[in-house]
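Note that chain A is present in both complexes that follow, paired respectively with chain B and with chain C.
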Partner chain A sequence: MTDTNVSRPATGGASALSVEAAPRSAAPPVRGDRSRKRDTRDAVLFLAPYLVIFTVFVLAPLLYGIWVSLHDYDFTLPEAPWVGLENYTGLLTGDSPFAETFWQSVQATWLFTALTVPLLLVLPLLVALVLNQKFPGRNLFRALYFAPYVLGVAVVAVLWRYLLDTNIGLVNHYLGVIGLRDTVPWLTSLPWAWISLVGVTVWWTLGFNTVIYLAALQDISPELYEAARVDGANAVQRFRNVTLPGLRPVVLFITSVTIIASVNMFGQSYLMTAGGPGTETRTGIYEIAEVGLRQFNTGQAAAMSLIFTFFLMVVSLAVFYAFRDRDARR
Partner chain B sequence: MSTATTSRHTTAAPTPPPRRGSSGPNPLKRILQYGVLGALTILFISPLIYMVSTSFKDTASAASPDPQWIPSDPTTQAYDTVLGTEGTPVLRWLLNSLLSAAGQTLLILITASMAAYALARIDFPGKKVVFAVIIGTLFVPPVILLIPNYLIVGRLGWLDTLWAVIVPGAAGAFGVFFLRQFFLGLPAELEEAAAIDGASRWRTFLQVVLPLSKPALVTLGMLSFLTNWNDFLWPVYVLFSPENQTLPAGLSTLQNANAVRYDLLMAGAVIASVPVLLLYLVAQRFVVEGVSRAGLKG
Partner chain C sequence: MTGISRRTDGAGLSRRGFLAAAGALGGAALAGCGSAEPQVATGPALQDEYTGEPVTLRYWHGFTGGDGPAMQALVDRFNESQDRITVEPNTIQWNQYYQRVIAAVHAGKGPDVGTLQIDQLANLAARQTINPLDEVVTQLGLQESEFPQEVWRNGVYRGSRYGVPLDVHSLASYGNRAVLQQAGLERQPRTGEELEEQTRALLAAGVETPFWMPNRWPAHLIFLSLLWQFGGEPYAEDGSRATFDSDAGVQALTWMRRQVDAGISPPDVAQDSQYVGFKNGQGAYTWDGIWQINDLQSTDLDWDIAPVPQVGDQPASWASSHHLVLFRQRDPDDDKLLAGKAFMRYLLEASSEWTAAGMIPALASARETPEFQESPQAALADAVPTLRFLPPVPGLGDVQVQTLEIAVSNAVLGREQPAAALSGAAARATEQMQANQQKFEV
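Entry: the complex of A and B
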């Protein structure tokens, strides 16, 4: 045993946060420089497979994307002339031939997000409150409502395109049965196309948010409800003063996750409306993918992704601060 | 109470002794509750039932405006066509999807568990930085990676091959984060005991840590498989040849092909759904718990 007592516990203690902490008195046998070298070697070996993939497909593309956005890049052509910020200024000033469709797609994205997020915040909460009662079969219902989410967007979109078909769809059929208009062009004209896309998305993902709400509801201590009841709080007061505050962190999570999912909307548009009518329901991701990966205006598309990312970060920060403020005011 | 009736219809609430002194189950409320739950169930499940039902119809009744919930003349014609060789290689898509989802899941489980173990249990210089960089990318919007990753995959010669839908998706940080959290919660004593017994780090990892981590590995495996199986945008753009597509991308090809044949589309959709629904049935608890735990920790 050497007296270089600064070496770490053999297996890293309880938490990575204690990396620099001195070993406690009950630490396992003290080890020296050689074992520290061995630790480093082991760490490199254990990390290597992941870090290779991570570097090639996450870190490198981050930089590569910026580089591409500064060039007139078309990977089917040999030359990629440097154009500086032209791809960006073209989009921002409207000079680029893609500016119009790009900004339209950004607007479509925000419209979709603004319509879906409130619905996906409120409806799943209502469902979760119903499911949070104690009754037989609760888990069965939870599983049933979550099922569409498991299916993935391709199945969901193909299925609903059938159900929403103007002439042979079930939806119009049953609207006719109850005496309403049975010729609604659900997927081919506005505002119906948006109503369809939002409705299908809510149907598809409601279960996901419900499950998260439900888990959070079950984490709220029953004693708080008992206490409120003893104080004479009625159901509405208990909801406002116990349930809602207890849900706050989860609401932040659900809001961010739902915004991110809505902003990334692609499959529903692609498969149900093909972006139509015209390009009205073509979302940002859809536009970026078409311009970059189908028309090979790759530099333009890279610039679009970075502008789009900038918006996303602004929104994320806004969501974060909105919730932080409310916490501070309490 | 010795003469209590045992009617099957009252099993839910026989004699009502109020539990816990508080308001007992109010029958009216219960009826309302089950009414709401039943309506929601119909809303969520009936489209899926109609999908299955249509897949067993012939082309004409699938395109009929009068809904047939039970096919009057059930036929496997749609499946025969779709699984046959007549230009709709659904069987091939199924195989591609299985290879892709299973391959990526395996790759994630291997690479993420090794990396997470190093980050949870081994001390080395720069550990905090490595961890911070990996976790930092959890907050990077995926749009940024779409175009450059396409170019990188192109340079590797992976376009229109399954490599494109297996490897890049394994670079995500979630698996590493998720497993590291789990490893940190394992009692270190067992590993120390193994180390004192002379087991190498690798052996300790394989024979002590991984067996203890089965629940976490299963959960991550389920989520990875589901995600890859259902992925749509990426496969649609990186796989062009019909025979190289995965099921979701193939469905879009099928939808765009000639006149829309809903009997075929629904058969394809059923084939794409069955594996995940089965997986979900078996692992429902893991999937739902995994999702809700991710929500609570976030």
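Entry: the complex of A and C
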């Protein structure tokens, strides 16, 4: 500890000296510093292409979006009058004709996220634990669980829309065959519409999270399990003290990716329920697409997007805080 | 600009200067492709035949159903009939069509000619997407008297004509003859009372749920038809207010919900299932657009078609019309405009062949031809004067999707009482319509 604390200012001083005054060739102790400098230059060089893409496709549109949100912007009309923060205040105070449906869609989005994310964290882990065992046909099952994820959202949603149809769908038909209620309004009534949307989403994306868990499980050193076993830990204790800590970085990744995917849900409700019944299952992205792309109230939709982004950033920070590396301080 | 370039003079390129220069370069690149705004232009007068340079016309339409092959056949015949114009059709679902075509035209990548629905004509005109066609109508030698009055009149926005009507299509009642005969019924009902008697007979004959009531498309078309029948108007003609929560509207929606409560329709009919059910032999009737004719003809169902029964005080039925339009361009090209007009003239002259799409030709003379007289939809010809259209108000179609359609859905599903559902939605619609009015005033 003390060693590094003392040596750091010393090198710092030397490097400052070397840049300003000392001729480079006559300063052998600085060589390490020079190579470090060249290192950062290489890094910048390698990162530059991404930075360009990031600037062009993320940063610039974001700034442009902020600018758009301050106008009554409609690209098909010759004038886009400046309205300041009116697009935001209208949504916050409820004066905007879109405020009611917007906040309802925000609520719907969080409801969907709150229902989906725990399922997509726990179920894939259980599946991965099973698929990590050695048994015949293991690869077939791995493929089967991953298969739905390969399908596009349109295929998944249209397929299930017909399967879940109240009056002509197969699901209700077979429920009737085994003697259960065969009039469940899967897509036109609450809470069934949410159950359908969450169920289909879990079925569809479970395989992706499973594969990531599986990779992480295979990454945990078998020696740790062996050591635990030698210490007399039973299966539950091994899971709690070896498996879970070993999975933590991956759980952070899966949690944030799943939250972001759930918050961005659009296709399932657009195609399966058309946002219905009423506008109950209309998500934030759905509402933004309707207002911005169909009605061309681009300024209003940009304000919605930024409010939405703000919420998403708060949640992401909360996730990172919850999973922060507590060992780092030690 | 000059201020910045002076600052960077001699001292190399500062970061701020670089950014400004990059911005200017981008601006110049944009300005490079003609004007930044789509321009109004309809080109020189059309002669008997197109004699200009060979051109390729981009033609966008939304005929994705049974009407798609009929349009493709017309386009193919046009391409074969002459060798100077090649029409390249592009089919986009109506649902997606308008947002895409508006964006494409404004990005300078728009099509040359198109077909669109009359409900969206004012919207595209207000959004500077289509050309005024007053001169073109004269060049094509078209007269108001040749078209149904309301169809012709609604092609006008703010004193200029923007579309030429190709056809009329309406809501209609399809009947499954085999099912009707189970109850000894020979024809479809003409009035609400007849419909009630028939459904009672059908239920007695063991036909469960003879008439399925959808909550989504085409539920709002059924609602509008009934509202007009009860003597109401959905919107103020000038686009300032929504009036579909009137007594007529409440009566219409109450009638729709009653079909479910009385067991005539099953509850919770999800998207499209009333039509898929009908196609598979479930139910005695379904009300849907006449664009389904070709689709039903390809099944072995024994069906017929009739006007929507008169449930209210007067006959009325929702209708729309496909109009031919010329899109604005950033760089208008006279040859393409001339070729586009020649293609429009060809389609109008082929009106009677367009009957094959399941549509009713807008041209009165085409409705006299044997092609039309022998088509299934000829059964609706007498109802043409009772067809009703939405007023030409920009943005109205999109407001309707967000308000009226949701109110109808909520009431049919039994989630809200008809009156409450309609008044809430009408208030929201009025707000959005007034916002639109302000927006399009400029």
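Heads up, the rule we're going with is that the second predicted complex is superposed on the first by the 265 of 330 C-alpha atoms of A that agree within 3 Å, B and C clash if a C-alpha of one lies under 4 Å from a C-alpha of the other, contacts with A are read in each partner's own complex, and residues count from 1 in each chain.
By definition in this document, a residue touches a chain if its C-beta (ideal position, glycine included) is under 8 Å from a C-beta of that chain, and two chains touch if they have at least 3 such contacts.
Bear in mind the structure is a predicted one, so any value in this text is a computation, not a measurement.
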Which superposed partner A:189 touches (first chain B, second chain C, both, neither): second
First, second, both or neither for A:295, with chain B first and chain C second: second
Which of chain B and chain C A:203 touches, first, second, both or neither: first
First, second, both or neither for A:277, with chain B first and chain C second: second
Partner chain(s) touched by A:74 [first = chain B, second = chain C, both, neither]: second
Which of chain B and chain C A:168 touches, first, second, both or neither: both
In the superposition, chain B vs chain C on chain A residues touched: B
First, second, both or neither for A:214, with chain B first and chain C second: first
Touching partner for A:100 - first (chain B), second (chain C), both, neither: second
Touched partner set for A:235, first chain B, second chain C, both or neither: neither
Chain A residues contacted in one complex by chain B, in the other by chain C: 75, 161, 165, 167-168, 293-294
Residues on chain A engaged by chain C in the complex (per definition of touch): 72, 74-79, 97, 100-101, 161, 165-168, 183, 185-189, 274, 276-279, 290, 293-296
Touch list for chain B against partner chain A, complex: 12, 22, 30, 33-34, 36-37, 40-41, 43-45, 47-48, 50-51, 54, 63-67, 107, 110-112, 114-115, 117-125, 127-128, 130-131, 133-134, 137, 139-152, 154, 167-168, 170-173, 176, 180, 184, 188, 191-192, 195-196, 201-202, 205, 226, 229-233, 236-237, 247-249, 251-252, 255, 262, 265-266, 268-269, 272-273, 276-277, 280, 284, 287-288, 291-293, 295-296, 298
List of chain C residues in touch with chain A within their complex: 37, 98-99, 102-103, 106, 127-129, 212, 215-216, 266-271, 273, 276-277, 280, 282, 395, 398-399, 401-402, 406, 409-410, 413, 415-416, 428, 431-432, 435, 439-440, 442
Chain B partner contacts - residues on chain A that touch it in the complex: 8-16, 19, 28-29, 36, 39-40, 42-44, 46-47, 49-51, 53-54, 56-62, 64-65, 68, 75, 127, 130-131, 133, 135-136, 141-148, 150-155, 158-163, 165, 167-168, 170, 173, 203, 207-208, 211-212, 214-216, 219, 229, 250, 253-254, 256-257, 260, 264, 266-267, 270-271, 284-285, 288-289, 292-294, 298, 301-302, 305-306, 308-309, 312-313, 316
